[in-house]
Structures are given as C-alpha cells and as structure tokens.
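Below are two complexes that have chain A in common, paired first with chain B and then with chain C.
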Partner chain A sequence: MRESRLWFWHILSAVVILVLLGLHMGTMHLSELLHMIGIGSGDPVQSEQVFHRSQQAVYMIIYILLLGTGLFHGLYGLRSIFFELSLSRTLEKLIGGVLAVAGIALFVYGTYVAVLLFQTSGV
Partner chain B sequence: MQQRLKNRLGLLGWLGGGRYGMDRYAYALHRLTGLGILAYFILHIFVTGRRLGGQEQWESTMAFFSTPIFKIGEFLIVLAFAFHAVNGIRLILVELGWLIGKPGVPSFPYSYSTLRHKPLFIVFMVFAAALMIIGGADFYLVLR
Partner chain C sequence: MNKSATQDKAILKTVKFEILRYNPAGKESPHLENYSVPITKGMTVLDGLTWIKEHLDSSLSWRSSCRMGICGSCGMFINGLPRLACNNQIVHLHSDRVVVKPLPNYDIIRDLVPDLESLFNKHRSVKPYLIRQDASEQDKPTGEFFQSEQELLNYIQFAYCIKCGLCMAACPTVATSEEYAGPQSLTAGWRYISDTRDEGASERQDVLYSSHGVYRCHFAGACSQVCPKGVDPALAIQMAKRDAFMKGFGFGKARKASSVMSPVQDWTPRGDIPNAPEKTAGNTGSKSEP
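After this line comes the complex of A and B, so read on.
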C-alpha cells in the first residue's frame, strides 16, 4: 500500500516536473532560438536577469515547487534502482532513510536560498 | 508475504535487451539519463545557491561554468532530459493503458505487448529526437 502510494506520487511529480522543467529548459536552453524569434533577451543567466527573477514571488514559488518535486522524483527513482538489485531488507531501509534525509536537507537548503533571495532586494 | 524474485544480472541486465528488445534498452537508458539528470540537479542546487554571495560571486561562478567542457556537459543534460521526459510520458501512458490498444483473446499469429507498444514507442522516440535537434540548434548558436 505504501509503495503504491509512493509510486502514485512519483508519477504525479513527473507530470508537475514535465510542465515546470519544460518551461525552465525552454527558457534556459533554447534562449538563443527564442531570441531569434523575438522572445526573451538571449542570455537568461546574466546576473541582472537572474537576480530580477529571484525577487519575484512567482519564480520563488515555481523554484521551490520544482525543487520539491524534482528531489522526490529523482531520489525515489534512485531508490527504485537500488531496490531492483535484490538487496537485504535492512540495506533497503538504510538506503531509503539516507535518501530521505538527503532529500530533506537539499530541500531545506534550496528553499532557504530561494526565500532569502526573494526577501533581499538589491543584493 | 509477497515473494521476491532475485535479480541475478543486477546492473549488467541493463546492457542486454534479451527478448524484451527496444523496451528493455529504453528502460536502461531511462535509468541512466535519470541518474545523470539527478547528479546535475544536485550540483545545480549548490550552484544556484552561489547567488547568496551576490552578483560578483554569481558572475565568477558562471564564468567558471562557461568553459567548453561544461557547455558540452550541459548539452548532454538537454539530450538526457529530452529522452527522459518523452520516454516518461510514454511510460505513464502505458501504465494507464492508454494508446496501446485493448486486450483481446489470443489468436494466431500471436501478438505480444512489446510489439503492440512499438508504434507508440517509435512516435515518441521521433519526438525525442526532434527535441534533441532543436536543443542542438540552440547549442550551435551559443557556441557560434
């Protein structure tokens, strides 16, 4: 039951990631093509643009949502790869625990960065 | 208690498709690209954290990552994302039983699931290839 629920969340997170990361990849990695057709400024990692985005609530929310769903999806996927290797129950529990702690730590750090930058105008 | 079958091949099982053919290679590639994206994502969390040091630190970080080796790595991530995302949509559709036809009574010549999935697989891989070509075009423009 627990595994079915986790699997459901894995699929649901994939759909969220598909939309958010699709937008992110389009903005960051198709910037030159988009610039050619008159969308965007051509260099999304320019510091003015990066800090301007960091101070907008919508970007902060999207960033935190993508961070959470991305970490869950990625670390659950990694856990599934480990679990396919016929490990002992103890080792499976240990790996699950380590990945959960790592995921929470990364989420807390990423959220801290996003919130702090949002609150600090004119860094 | 549910019976657990032993995975005798382990990770080596990723190398051979066996009777599962393309589906099995897509399975292995989905995991490989997933691992690559996860490694990049974790690095990305720390790189974007450098913004806390202000504009100067951000610019020096971006200068460090603008070398050709990192640009090529970034492009590989775009390729991995294109495959992982498109193949992931295919897997969700198959999981939900959509676009793969209805189950029927077995009759000669027998059909099997990987054969029935093949048209869907081909369409999605063409779509992934198109995304990779678009990503490649942008990469070319960045390097030019």
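After this line comes the complex of A and C, so read on.
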C-alpha cells in the first residue's frame, strides 16, 4: 500500500533526523566540549570553518541526507495536516502533487549547493 | 417496603441538569435548558433524564434501550466526556451540576439524539465479518474452525465493541476529518484481520491503510479512555500499523487461516451439564446427545 510505504519512510526519516540532528548539535553547539576531548578546533560558525566542513565528503553526504530526510518528514507531516481538514479528494491529490514537486525541487537545489560547496576551494 | 428499600428511595440531594436542546426542524438554535432533579441512591444520568421527561418536560428526546451498558444506545456528552447515560451514576460525577449534550462529531437528529449513520457506514466499510476463501464452507458449514485459546485472546477485547460511538466522539482526528475512518471502524477491521479464522485482510486494507486510515491516528488515546467496555482502540490501531510494517519489510511469517476441525470422536457428556441446543452447523457426524 502506498500510504503504508510513505508512513514507513516518515518514521525511518525521523530516526535518521534524530541521529543527524545529534551530529549537528554536537558540531555547532557543543564545540567547546568536543575541543576538550581533542575533536575539532575554532569557532564552528566562522566562515572558514563552515567552508572547511563543506569541502569534506562526509559532511556533504550528511547535508544531503539531512536535507532529504528533513524535507520528506516535514512535507509528509504537512500533507497529513491538510488531509485532516476534510478537503475534497481532488484538492488532496493536488496538495500531494504540489508538495511532492516542491520537495523534489528543494532537494535538487539543496543538493546542487552542497555539491558546489564541496567542489569549491574556498572564498 | 423494607428498611433498605426505603433508604434507597431517600432523596440525597437536588442536582441541576443542564441539557442541550435542539430541533433542526425548528427555528431555535441549540441552547441549554435547566432542570432540577432530586436524586436517589444508585440513580443514573439516564434515570435523571427519564425523571425529567416524566415530571418536567415530556418533549425531551434521547435514545436508550437496555439500561445496563450493553446496547450502546445512550451515548451522550456528560460533564465534558462521552459516556453512556445508563452506565454513570449521578453521585459518581461528584458535582451538583450535570451538563448533558449530544455526542460530539455527529449531526444532531434532535436534543440528545446523535445521527450515527456515519459510524455505521464506516463500520460497514471494513467488512466486519469473517471472510473465507472457501466460501462453500461458510455457506454450508461442515464443522467449526479451529482456534486456540491464545488466538482468541489476541482479538477478544476488540470483539467487545458495542458500537456506541463514544470513541468516535472523543477522537480529535474525527473532529476535524470527516473522511478519517475513526477508532471504531479501524478497531473492527483489526479485530477481524487478527482473527485466525479470517482470510479477508486484503479486502480490508484499502480502508485500514488508506490515506484516511490508521496513519491519521495521533495516538491521543481518548478513544480508549472513554470506551465503556474496556476496548482499547488505540492499541488496535497501533497493532494494525505494526502489522503493515512487518508485512511491508517481509518480517514474520504469513498466517495460515485456521482449518475446519475434525469432529470430536468418542466423547462422553458430563451428567451435570444440560444437553446442547440443536445443531445449526450441519451434521458433523459427532455422537448424538443422550
């Protein structure tokens, strides 16, 4: 069933987001703690640090994965909210289609930026 | 009348009933009307309504039948919760004010009478009956389908549903989505899918796993909280989700429907048990009654 598959991915994306957001929180907000145990250096929000991370393949993959799972999880949740508003079937299909197209477009654009940053040698 | 009976009839206190009155055919909009009701020991909300109808206002309308929490007719919104009027004693509400309204999430036919058409339509949509591939066995049964005690326990609580509709009235998703199948029908669907005698899961999944099926449940649990029969619809919905997940990822073994039991041979009836009623499921070849 299509709805079952969408829901499985919704749940699985939530698990992936939890892990990836944990990495994000660790990198961005617990940097001093990480420095104490010898991981990373400098202020993580400085532009050279941001570019440095972006030029590492592992970070590029993490960014693309977080973008994909975050978009899917969020847009499926938004679709669920619309589906609980007693809309007509036609409008439901239209909303589903618009959200799918928007999600794919944002994913392609975000992936393009992540790959571009990965290939750039800095500013 | 003995002393105990006299004490039972003693008026404990007077309680104010605030009842929502509405006649869609009339011009008045829904409004609350007040009635003072002297209550006695053991008096239920339904008894209170009956007292009002007999003594104060004969035009008051509601639906009820068995008076003992079996038929599920008298579901009402009593002091902020969907409850059966016959199943709740006034003193147990711990209030001198009893506010009675028709069940939410249904149209009102009149006063406290909800239109349960949507409930029954959704109930029908999940095909709430045993579906077998061997249709001939259903038409002309030759015996009983085998089912172990554990297999029975897996679904029996869901079979206690009396279709009172309280769970649908309590559900926050039903409140916003008319299309949502709702806890009652989803539970009924799961009750038959989890019955080992059934082979109709594929015929029910279009409703259970549709975009308005189990995945719209927010797991608020209000349905389970208000069920007067102790059914846990929220559990049934979660089990249906888990089943879809397991099947979707190929976990677990596919269930084989139970087969027709061979007739029990060479049994001797106990003398202290009355004779069984006449058989309705054909002649199984078992020993005739003494």
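Heads up, the rule we're going with is that the second predicted complex is superposed on the first by the 109 of 123 C-alpha atoms of A that agree within 3 Å, B and C clash if a C-alpha of one lies under 4 Å from a C-alpha of the other, contacts with A are read in each partner's own complex, and residues count from 1 in each chain.
Everything that follows uses one rule, which is that a contact is a pair of C-beta atoms (placed from the backbone, for glycine too) under 8 Å apart; a residue touches a chain by one contact, two chains touch by 3 or more.
This structure is a prediction, so every number in the text was calculated from the model and none was measured.
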| item | value |
| --- | --- |
| Per-residue touch tally on chain A - higher for chain B or for chain C | B |
| First (chain B), second (chain C), both or neither touched by A:L65 | neither |
| First, second, both or neither for A:S4, with chain B first and chain C second | second |
| A:E32 touches, of chain B and chain C: first, second, both or neither? | first |
| Touching partner for A:L85 - first (chain B), second (chain C), both, neither | both |
| Partner chain in contact with A:V19 - chain B first, chain C second, else both or neither | neither |
| Partner chain in contact with A:L116 - chain B first, chain C second, else both or neither | first |
| Partner chain in contact with A:G77 - chain B first, chain C second, else both or neither | first |
| Set intersection of chain A contacts, chain C complex versus chain B complex | 84-86 |
| Touch list for chain A against partner chain C, complex | 1, 3-8, 80, 83-86, 92 |
| In the complex, chain A residues that touch chain B | 11, 14-15, 18, 21-22, 25, 29-33, 36, 45, 47, 50-51, 54, 67, 70-71, 74-75, 77-78, 81, 84-86, 106, 109-110, 113, 116-117, 123 |
| Residues on chain B engaged by chain A in the complex (per definition of touch) | 4-7, 10-11, 31, 34-35, 37-38, 41-42, 45, 48-49, 51-52, 54-55, 58-59, 62, 74, 78, 81, 85, 88-89, 92, 95, 134-135, 137-139, 141-142 |
| Of chain C, residues touching chain A in the complex | 173, 176-180, 205, 209-213, 215-216, 241, 244-245, 248-249 |
